[in-house]
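See the structures that follow.
You will see two complexes here that share subunit A, one where it goes with subunit B and one where it goes with subunit C.
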Partner chain A sequence: MLRFVLLAAVAFSSMARAEIPSKDKRSGFDFMSPQTQAMQSDETSNPGMLWVLDGERMWSESQGKAEKSCASCHEDAAKTMRGVAARYPAFDEQTKRPIDLAGRINRCRETRQDAPPLARESNELLTLSAYVAYQSHGMPITPAADRRLDKYRENGRAWFERRLGQLQLSCASCHDDRWGARLGGSVIPQGHPTGYPLYRLEWQAVGSLQRRLRGCLVGVRAEPFEYGASEYVDIELFLMSRAAGLKMETPAVRP
Partner chain B sequence: MTRALVNVPKTAKRGEVIEIRAMIQHVMETGYREGPNGVMIPRHIIKRFVCKYGGEEIFSAELFPAIAANPFLSFSAVASESGTITFEWTDDKGETQTASADITVT
Partner chain C sequence: MKRRLIWLLLTLCAATSIASAITPVTRLHAYKVEGDAIAHPLAGLSGDAARGASLVQQRHKSLCVLCHAGPFPDPHLQGTIAPDLTGVGARLSAGQLRLRIVNMKRLNPDSIMPVYFEIIADSQEVRVAETWRDRPILTAQEIEDLVAYLQTLR
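Right after this comes the complex of A and B.
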């Protein structure tokens, strides 16, 4: 009997995910080459800044039938949007679900500006998201403490730990258990969403976290979710709490 | 609308070597890729970049399809006099984008 209990304990401990202790938490920035790090750190060589500057223009441009701009209500983004991206996704009273930053921008367009929502992953939505998220640059990620988010965060964690696709790999298989090792020529980072929307050299453009998650889903040969799917928002919610304390880097540069 | 980001030191001493950086938002479509419908995406790249200091050309470059999107160029010049440094990018469609920055030489 004792032997059985011991075996069960061993089996259980090898199944349990090795969560990254907070002292070992590292942004993807730390795994990059010095050249790519320099590209991100200097705002005059960071291509993501092109989107941020464009977003600054869009911020005060009137949209929709209401002929209001973002600035009409929110005024100076440097003050009003500071820290917002660091605590998103937040609980949305209207749908009683978590909503991400891009979703929030679209909600504003529909309800305040009376304008059609921007397509997910469209250049306009990425540009505005990048500008808003840039206002939190350098601030620590502080997930919203709303208890109503807990069950969605747990759902995100479940997706993170679920083995998916033909390769039967979970996010945790690489980003919890094998970070720092190599996948082909690239170092496996811990998968913290510190700098989204970010400029990826592979994309030669700015893209969202959902695009990045899609890349990993296709990589393990699973069917990716549609852009804007609630699963992506739940996963983002979990990832942001997992990355709590790391600094926002938007617009980050990644290989 | 395309965005350009140029960086020139605001002030410099006469004779000092200064670093000039210029980056522009551009797809730099090679013309060798197929779109989702199987039709080739036409080539659309920046062909030429010119930088002028006080009206005089100090640096120019020809760009080719192998150059990545949002090309970034960095070069140096000798600060000779106060004036305006202008940047000009011309693409396949003949569209020209310009930017400028002022420098004070003491």
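Right after this comes the complex of A and C.
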């Protein structure tokens, strides 16, 4: 009985947070200026498409000692990779924990191509990730229904709700409770991972979700995690379930 | 029995939400809070309103304009997630301004306004960045400068 009361109390206090109801869920796209929206929507003006086109070339290039390309195993990405990014991160049987798309690409390099892993945030890894994620463009985010992911997603949620860094702000303080308002000159979006890897005007390049999260962590004067850290993957898992139903936009453009 | 359970439930809720709201601080600077104010200047320093006017706009140092708008240049770069500071010198006394900058969370534990004059207790879950560890966001002098400036906003 006491246990029940405890559980109920915990559930109640976490419900008290202002989670965004599905009808109000909006991509970062909706908070951008019409010019930046146009830049994203028109593929001939979207700078991220340069990475996607480069990725198409890399897809069929032989790599590593096995002299195999991605296409050797997966053939036509437009068919085999369709919808994959919309359901990642997925459960990885080898490490028994979630793996993100970039991690999965590196796993294929090591085990199938016999090639060294690409560094996180390297141009090659971003290029391949952008090409694979582009195959889900326009598809709704549909998180994998695998119970083994639950505890990692909950860990991601805990990081999202925790007050971090010297400024003691949580992701939720901004992205659940104050989206639509302005932080300095920027409109606070809801923080959905719909468009990654994406072209950010401030970066003048394509970057990953982890690079974006790093920016928010540094912003609250918190020590960011190392690129590739399991915490980032757990946070991504939570963000993807929070964004369920929104459409994939890779390669998006953001200010 | 039922009433006891409800009571237990309520206390637990209160306890859990307070636990997540309270900002852990390790070291308290010496100052005296009376009511909702710190009447005496920190370390007996006197503030300089001109320095405060420039500090309030420094978005990477004081951070004030990230959240607050006010009668400062570049209104399009000012935040909208905190009260407008226009006229704040008429609404609040020097002592009230001082406590709000030193530690707003003493008045409202759920406030998002950073604590400027305490040291945030670091841990693996708090992750204060190395550059900012073990020091407050602003010095006593800087806070006195801000108080002196905000008092002129009438």
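Everything that follows uses one rule, which is that the second predicted complex is superposed on the first by the 240 of 255 C-alpha atoms of A that agree within 3 Å, B and C clash if a C-alpha of one lies under 4 Å from a C-alpha of the other, contacts with A are read in each partner's own complex, and residues count from 1 in each chain.
Definition applied: a residue touches a chain if its C-beta (ideal position, glycine included) is under 8 Å from a C-beta of that chain, and two chains touch if they have at least 3 such contacts.
This is a predicted model, so every value here is computed, not measured.
Participant: Is it subunit B or subunit C that touches the larger share of residues in subunit A?
Facilitator: Comparing touch counts on subunit A for subunit B and subunit C gives C.
Participant: For A:Thr95 in the superposed arrangement: first (subunit B), second (subunit C), both or neither?
Facilitator: Neither: A:Thr95 stays clear of subunit B and subunit C.
Participant: Thinking of the overlay built on chain A, is A:Met49 touched by subunit B (first), by subunit C (second), by both, or by neither?
Facilitator: first
Participant: Should A:Gly165 be classified as contacting the first partner (subunit B), the second (subunit C), both, or neither?
Facilitator: After superposing on A, A:Gly165 lies in contact with subunit C but is clear of subunit B.
Participant: First (subunit B), second (subunit C), both or neither: which does A:Ala205 touch?
Facilitator: first
Participant: Between subunit B and subunit C, whom does A:Ser60 touch in the aligned arrangement: first, second, both, or neither?
Facilitator: Neither partner.
Participant: Tell me which partner A:Leu183 touches in the superposition: subunit B (first), subunit C (second), both or neither.
Facilitator: second
Participant: Going by the contact rule set out at the top, does A:Ser41 touch subunit B (first), subunit C (second), both, or neither?
Facilitator: neither
Participant: Intersection of subunit A residues contacting subunit B with those contacting subunit C?
Facilitator: No residue sits in both footprints.
Participant: So in the complex, which bits of subunit C are touching subunit A?
Facilitator: 5, 8-9, 12-13, 16-17, 20, 23, 59, 63, 65-67, 76-81, 112, 114-115, 120, 125-133, 137
Participant: Which positions of subunit B touch subunit A when the two form their complex?
Facilitator: These residues of subunit B touch subunit A: 1, 3, 5, 7, 21, 23-25, 28, 68-70, 72, 74.
Participant: With touch defined as at the start, can you tell me which subunit A residues reach subunit C in the complex?
Facilitator: It comes out as residues 1, 5-6, 8-10, 12-13, 16, 161-169, 173, 178, 181-185, 188, 217-218, 221-224.
Participant: Quick one: in the complex, what on subunit A touches subunit B?
Facilitator: Touching subunit B from subunit A are residues 44-45, 47, 49-51, 53-54, 57, 201, 204-205.
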